Structure formats: structure tokens, C-alpha cells
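When the chains are written out, they are named A, B and C in that same order, and each has its own residue count from 1.
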Amino acid sequence: MLPSSPLRQLAPTMARRVRNPKTVARLASIPQYSAPVTTTSSPSATTQRWHSNHTSSPSGPSSSSSSSSSSSSVNPDEISHFNALAATWWDPHGSSRALHLMNPLRHDFIQNCRSSSPYSSFTVLTEDASDLLPPSSDAAHNTTHNTANVQKLRYLDIGCGGGIFAESAARLPTTSSVLAIDPSPGVLAIARSHAKKDPGLSPKLTYLSSTIESLPTLKPEAVTQKFDVVSCFEVIEHVDHPSLFLDHVAQFVKPGGWLVMSTIARTWTSWFTTNFMAEDVLGIVPKGTHDWHKYINEYELRGYFEETEEKRRFWGRPRAMGVVYVPGLGWKEVPGSEKVGNYFLGVQRLAGEDNA
Amino acid sequence: MEASALRRSAALVARASTRNAIRPAVCAAISNSSTSSTPPTQLQTQQTRQFSALNRPPPNYPGHVPLTRLERLGLFVGSGLISLADPRRGDLIASFAEATATPYFIYRLRDAMLSHPTGRRILRLRPRITSQSLNIPYLRSLPPNTVGRTYIDWLDREGVSPDTRSAVRYIDDEECAYVMQRYRECHDFYHALTGLPIVREGEVALKAFEFANTLLPMTGFSVFAAFTMKKSEQKRFREIYFPWAVKNGLRAKEVINVFWEEELERDVDDLRRELGVEPPPDLREIRKREREEKRRRKEMERMMSGRSGGPEDDVLQKAEKEAEVVAERVKEMKDEVVEKVGEVVGSSSMRV
Amino acid sequence: MEAVARRKAAAYVCRSCTRQFQRQLRRNYSNSAPRPDIYDVVCVGGGPAGLSLLTALRANPVTSHLRVALVEAQDLSKVKSWKLPPNKYSNRCSSLTPTSALFLDQIGAWEHLDQTRVQPYHEMQVWDGVTDARIEFDWAPGSAPVEGTTIAYMNENLNLTSGLLKRLEQLGGVSVFEGANVENITFGEEMEDLDLSQWPVVHISGGKQLTARLLVGADGANSPVRAFAGIDAKGWDYNRHGVVATLEMEGEGWGGEHTKIAYQRFLPTGPVAMLPMPGNVATLVWSTTPENASLLKSLSPKDFVAMVNAAFRLSTVDLAFMHTQGTDQDDEYSWRLQHTSFNPRAIPQTVVGVQEGTVASFPLKMRHADTYIGERVALVGDAAHTIHPLAGQGLNQGQGDVQSLVKTIEFAVTHGQDIGSIMSLESYVSERYTANHVLLGVVDKLHKLYSAGSGPLVPLRSLGLNAVNALGPLKSFFMKQAAGSGTKIF
């Protein structure tokens, strides 16, 4: 699709670390786990490793949590790592505290992106309509304020983890539905059991054990209906082939809708803060969460959306917001810090055709 | 009788000297006439800090002399120094008492009275103790162990009258001035209560008692007069009367809160028990005993030396010895007279 | 049936989703235990803090969709219809800082207070009963803040609660359970597809059960909600009682109608304060020993008035003695007045009467909860902290809590957070705890400092008071802090 992507060139050179086999073994005991169907056509060795790691586990297919995959940009070691973290995912003082603290900023950033553009995708939901209106190309050219009161958004959260963002998106009064996917069955089990604790969530929030590659197979309507907001927060740095991954993601974004991401720039500062300090010294982030070599700089990510004329027609101008974690105060927006550490990047889909 | 006459004349001298001694009083009298247009207000005490000697506010009570801070300091230093140099200046000791009591101590004493129902009643009624206010013949008619009879007996024994008190002048607050007055007027009742005589030794012991009880600074300073006493008296003071004074002064209730006029018919021991005062050993008795002891010892010595002489010179020696005894007796008598005079002068200066 | 079902639904999300969820519930549990009655916010306690919380939530467009309930033991209709003749005032009054008043105005409650019964005051006279050292909080020319010279508003607590209830009625949408005692608070149950095992369920008299996403304890110093959350409150009793009374004064104050003055004198037994109400009325708050308090309550009106006048004029020695008298304080007072010097313009005007039946007392305590939040629990007002009344900050602290909690809830709602989760409530604690703690500490130390009748502290504290009084900028800083209009320092 995009043979000249710098991300694609970058990807094979990324080092991968060997994970502790114990964490992999622990996965076997999580009941929600089910083995993916091995119909791989991917040239990636890592995908094969992912399969081989899990075929030995007991399998019990179930309708809600099974996933099928033709190819995956997700590194299986990453999946097992996050499975192991699942237990503390919702502990406000646990290892995911930094993520919990960052969550409000994600909403602020989305709000920021959406209000920056006069064009918007939206879903009109009348009082009793349980079905969504079919997407139309006209919708992308409607201005938001005409129908502001009934505008409800459809979210797709890729790599939802324990559901920190997915739950919060589902709670917003402006949300009509949230589809949250993650390839780690362990964390999805946690996400599901946590969502059960809030009676307000179940009508809006759906979890699906899936990779982005297998989503069209598992949920064909996701491709046809698309989403107003597609989010992948703290995901790209865990993906082996970011550009392939983004190619897949594009088809789920409704014209006028936004793709919103967050990740970490690959700088000495980010190595020092996220790897050395956060993981090794302070221990506020579990060891092995981050592989510094997989970090993507803001200009690299921005470059993906701007590299060709085609892309520039398909995507709007990317917007970025740099954030800094201040211990004791939480995350703060610091203009310019997107070049240094954690940052958000949002981009609006302009074109109506998927094969950009 | 002779001693009492002496004492009275000394008191007269002291009183006469008051008139030319106190300069500020004169100044006050002059300035009073010029500033009497300002009416006294409730803010009097606050205003005392702001006038000058040429612009003196009117008195807060009859006889009051408002002083500036500088004058007060002068009074403190002057009266202190002169009364140390000349202990017969009772008027200056009284001034010294007022100068030292003002910033804090008189308020403490007043507050002690205000904290006690009887003390408050005294402050409210403001009784005065004089030979007129007290019915002297009636007191003499009371049974022996009553407070009134003890008091009058003590006055008679010491040969003093309740009327020899100088008026308070330099305390600004008129209520505190009354407290000072009351303290002075009650002083003889403390004598009667404790039985302490007005000889220097007795006065010093009572002052120590009062200091422990009232904390008035002048009473404390007066205790330094103990260093002017004879060696033997100092020893007695150190061993008997000072410990007694401290113990009783601290333990006893505030004696300023006794409404003496109402206690006259009461059993004196009963009152002592109530106040927590135990009378010290009778000082006059001790002194008398000691003097007799001394005389007897000398007589014994003479007898012993007389017996050891030879038989021939017996008559001559006897005559010589007798002459010696007479001379000694004369010397003793002379000493006694000197001491008596000293006592009178001393006590008059300290009975303020 | 549909209406009932809707009421029982979780209201946090949109109405249609609620219905969807409700249909689901009906499908799944039509034959099982009664469906839980779920509220977003259940507030226990209908005092000033609880009522202003609900009013603020209802008045805010962001939070007005929340399903809220109020549980109050009292009969609120009596409070709402509270009325007194214009010359009679309740004895329970509080000072409201301009900050609190602004907040009440923002939530639309201020205009519902009977304004003829609200008295702003502009100056304060505070002095030491032992040494007479004094600090005069009057605005020097040019130092007055632009917001106005009002230091605080004196107001009857009932005027506030009544006004809040009227505003709430106007806003509507609150399920009110009045005359209802909290009998028990438990956790919900875990069901097949709904796990309420961490949700508090409030059992109220009559058997009703309210399940709360966020349970707010505005239920006073002995908060059952705090006990449920297992939050300990530390502190001590002062062994002091606050004696209150409504007083009739000889005039409307030295500053006239437009410059009202509050007075406070620190006595070794505790501070005595006289705060202006409209016209010739003033309200008394006298912190004193329990023994003195019971004596004061037993006195005839004439002697009580004499004691109050004495408290602002006579020496502490006289006052102490007069507390030992069973009667005749009036006579004692007129005698001592002749022998006591003071500047009559620096103290309140003479009290001439006491409104019948208004002399009452309550014990004083210092309490501070270890935290204000737990999972699905938040504490506000006296449930979180009890302060010595000497600075008149108790009610204002509660209003500050409410303001902060509503802000926290608003943030949580706009960011999709669960308003009951610790994560979303954290900012409430971090904003309020230290500020309250500092204030509690300062007031506590002030009480202790001025409890000394003698000793080395007495001259030192007077030196401090006089020094502050002499330093204009420092004084106006303190005044602005007291008025709540100063720069936030904590």
C-alpha cells in the first residue's frame, strides 16, 4: 500500500526483548482465553511465535471472546506482558495509575481536535432509534452546530486494555456506543468484569477480543458503519509494524471522523524517564512495559500522514499535544514537549474513499 | 511608758519631715489649679501616660498626685536610696512602697481581693481603720481570746495607735489606692494575729510574712533590713522567724481579704486556723529570756571567780567585785535603753 | 410501569440507554430479588452543606442529569416554611464569607434567602481580655478590596437552609426522603451481569433502600456515612461549650446602619463574640467552660445581660468571680463598671435585653477525618471536620468543600470518569484537605494561645497582636484572608 513509509522501514530494525516465560505460562489459567485461529498469511516471524506460544494453552471457544486473525501487527510478547498486568489495571494506586491520570487529557485532546475542524462526522440518534443512521458522504460536510443536541459519537478503541478509556468514553453523554478491542484475553476479562460494576456502561460498551487485522472478519459492520473517533492510546509503541497497523486502522475512521493516538517520542529524555526512572528506579511503571527502541517520534508519526499527496488528500493536518508527567500533580500539557516525551497526535479523515 | 513617748516623738518628726520632703506633691498642688478644667473620665489610667509635669491632670481621688513616668522613676530611686541611708524616714518608705507597687503588684493584690467574696465586699464598702472607726473601749471589754481584745492588748503592749498611717498619694487607680491604704491599716492586725512585736526583729519577720502573702515588693525589700540586725538576732531570724514567715505567708489565705471589723468578736485561734496562720514563738519572751540568761551567766561567772580568791583579801576583793557588777549593770542598762530607742525608731520607720 | 422502571434505572448515562438497560434488567431479573434503586448521588444530611451540594448539582447543566437523592431525618417542610417575626432572630447564626455568598449566588440560592435578615459587617474588633492588646480590622483608605468592604455576612442558619430548600424546589429533580433515618448502610449484591458489591446501599426507615454511585456524607460530626466508610476522625474535645443567644442592643452599633462591626474578646475561658444582626439585634457566641455555660443558661435575663456586658468590659478577675455567683450579677456589674476603665467606642454597645428562649449551648470539638473520600463515598462539612467556632469558619469550610466536590464531579462527568471512583474523587481531597487542615490547626492554636490567663505567652501574643495591628499591609492581608477574598495561600 505505502511502500515508502519510513515507519515500515523502521519496523524490521526494532529490537525485541525476550519475555519471561513465566508470564506466558500464567496466561494459561485465565479462563476467558481462547486460541486464535491460525490462518496466517503474515510474513512476520513474530506472528508465528505468537501462535506457537498459545496453541499449547487449553482452548474453549466462546462467541464473545474468540478472535480470528489473518495477520497481526501486534507483538505476542506485548500481549502476554499486559495479560500479566491485568490484575492491577483498575487499582487507583497500582501500576496503571499514570494511565488513569492521563485519561482525562485524552478526552480533552479529542474535544480539542473535534472543535478545531468545521467538518465533522456524527451520528444522529433520535430518542428511540437503536440503530445508527447509515453513514453518508454528506454527513461529513454538515457543520456540528446544526445538530449539536442530538449528536452522538461512535468510538472504536483499539488496544483498550482494562478499559480505562473505553469506559470513560462510554460514560460521556455524547457517546452513542464504544467498541473496544484488545488482543489480550486476560486484560479483556478484567475489562469486562470491571464494566460489570457500573450499570450505566453495558448498554453502550462492547468489548471484543480482536486485533485490528481480524476486526473486519469478526465484525463486518465495523468497516461499513465506521467510527467518529478511533483511538489507539499507548498502542503504537507496542506494535511491530506501525505503518501496516495504521493502514489497517484508516478504514474504520468515518470521513470527518478522527483518528487519535498517543505514544512516546524516542529521545534520550524519554529513555531516561520512561525506561530508566519509571521502570527501573521508581518502579511506577512495571518493568518491561516499554521497549524504547519501538518508540516513535512525533515527526515520524506525523510523516506517515503527510508523506504522499494521496495521504494528504485522505488525512487532514495532524494535531499534536505534548504532555509531561509531574509527580504529585499528574499530567500537564506542555507545548513543545511532543518532541521530547509523551504526546498525543490526532488526525481527521477527509476523503470518503477507503483505498487511499 | 517612757519608750512609748519616745516612739511618738519620733513619729512626729517623721511626719513633719514629709511636708518638705516630697517635691512632686508641691508641683502637683501647683499644677492642679491650672488643669482642673478637664473633667475626670473613665479613661484616666490611659491618660496618665501622656501628660507632662507642667500639665498635670486632676487627681483621681482626694490626695492623689498623678506622676509622669520620669517622676515615678525619680520617686522610686530617691525614696529607695534615702530610706536605705536613713531608716527613720517612714514617709519615704511609704512612698517607696507606692512607687514599687504600681506597675503590677498592687493590681495583683487588688485582683486577689476581687477574687474573694469578702475581699470584694471590702472593696465595695471601703471601710477605714482608725481609732474613731474602732470602738476602743468596747474592744477592751471583749473576752481575752477574741480578735478585738488581742488587737487592743497588742496595741497597749506595744504602745501604738491605729492612727499613724500616711495617706496614699502616688497610686493612680483610686481603687488600688484604697487597696494600699487598706493594707497599711491592716498591718497592726497582722501584728496582733502573729503576736510579733514592733521591734526591728519582729517587723522584719512580719514583712517577710507579708511578702510571701501579698507579694508587695516593698515588703520584700524590707526583709533586707535583717542585715542591719545584731548577729544573735540575725541567727534567730534565720533559724526561726524567716522559715516561719515563708511557710505561713505562702500557706495562709490572703490576709488582705479578712474583714477585721467583722471578726473582732471571734476567737483569735479560730481565725488563725481558718487563715492557716500559726503564731510564731513569742519574740518578746525569747528576748527577755535571753537577757536574763545572759545576766545569770555573768553572775555565775562572778561568783565562781569570787570563791577562788585568797581569804585575807576577801573583803577587799568582794568590794571590788561588787563595784564591777554595778558597772556592768549600768552598762547593761545603758544598752537596754539604747536598744529600746533603736526599736522605737526602727519600728516607726517600718510600720508603714 | 415504564415510569417506575425509569426511576429505578441508573441515570448517569443518557435516558435511552437507561431504558435499554432497564429492559435488560427486567428481562433478567423479573422473578428474582427487588431491583436496586440506583442513584448517582445519595446525600445523607440536609444541612447547609448537603443542601447546597444538591442545589449546586441540580443548577449545573453538566451535572443536572445526575439522579440524586436526599436523606434527611428532619421534616424539611418545616424548615422550608420557617418564618420569624422581623424583630425575632434564631440563636443559631453563622458568618458567611463573601466567597461562600458568591457560591450561593452562583447556584441561585442567595436570592432565596430573606435578605432583610442577612447582615453584612465591615469591621472587626478583636482584643485580648487579659492584656487588652487589640487588633482593629477596619479598612484603611485605599486598602479596601474592589469586591467591597464586607468581611462577612451574618445569617441565621435556618434562613440559609430554608433558602436552599426553596431553590431546590424550584430546580426540582431531587428525590427527597425526609423524616427518614439512616438505619444501616451496606454494600450491594453481585449479580450475573451487574456487580454492585462495592456500591453503598442506604437503608432508611420504612424499609427503602437507595443504591449510590456516590454516597455523600453531609451528616454532621457523628457521620454514619463516615463510620460506614471506615474513616477515622481524629481530634479532641475542648471541654468548652459555645453559649449562643440573640441579644437586643441599645442601638444599631457605633458605625450605624451601614458600617456594622463584629467584636471578639479573648478570655482565658475562651473567646466571646458579638456579631451584628439587622437593626438593634446582635448574636452572641461565647465559648466557655461547661460549668460557666450551665450557669449562664440558669441566670435571669437581667443577670444574663449583665454577664454579657461584663464579658466585653470587666476584668477577667471580675468575670471569674461573677461566675461563682448564683444570682445578682446585675448588681455586681453596675458596681464594677464604676471601677473599670475602657473605651466605650472600642467595644460593643450595651446589651439591653436577651430574646426569650434563645440562650443555649453546645459542646466544642476539633475533629478532622483522616480523609474525605473512600470508594464511592465523599464527606463534606462537619462530617469531614469540626472546627472551633472562634473564627466563624465552620459553615464556610463546608461550603468550600461542596464547591470543590461539585467541581470534581463536574470534571468527572465531562471526562467520562465514574464520579464514585477514588480516582475521580482524589482531586477533591487534594484541594480541600490541606486547606482545611491548616485552618483547623491555626484556629486550634489560637484557642490554646488565648486560653492562657498568665505566663510567658501572654505578653508575646499581645506583642504579636499589636504588631499585626500596626502593620497595615499585613493586617489587610489577614482581613482579605478572613473574608475569603485574598490570594489562595494553601
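Everything that follows uses one rule, which is that contacts are C-beta pairs under 8 Å (C-beta built on N, C-alpha and C of every residue); 3 or more make two chains touch, one makes a residue touch a chain.
This is a predicted model, so every value here is computed, not measured.
Engineer: Indicate which of the five shapes (line, ring, star, complete, other) describes how the chains touch one another.
Structural biologist: Shape of the chain contacts: a line, open at both ends.
Engineer: Relative to the centroid of every protein C-alpha atom displayed, which chain's own C-alpha centroid is closest?
Structural biologist: Taking the mean of C-alpha atoms per chain, the most central one is C.
Engineer: Of all the other chains, whose mean CA position lies farthest from chain C?
Structural biologist: B
Engineer: Using mean CA coordinates as chain centres, what's the gap between chain B and chain C in Å?
Structural biologist: 62
Engineer: In whole angstrom, what separates the CA-based centres of chain A and chain B?
Structural biologist: 101
Engineer: Could you work out how far the Cα centre of chain A sits from that of chain C, in whole Å?
Structural biologist: So the centre of chain A lies 48 Å away from the centre of chain C.
Engineer: List the residues on chain A that touch chain C in their complex, please.
Structural biologist: 92, 100-101, 103-104, 107-108, 125, 127-128, 130, 167-173, 175, 193, 196-204
Engineer: Applying the document's contact rule, which stretches of chain C touch chain B when the two form their complex?
Structural biologist: It is residues 315, 317-318, 320-321, 324, 335, 339-344 of chain C that touch chain B.
Engineer: If we count contacts the way the header does, which residues on chain B are in touch with chain C in the complex?
Structural biologist: Per the stated touch rule, the residues are 42-46, 111, 114-115, 117, 120, 123-124, 174-175.
Engineer: Contact residues on chain C for chain A in the complex?
Structural biologist: 9-10, 12-18, 20-21, 24, 38, 65, 193-199, 213, 411, 413-418, 421-423, 426
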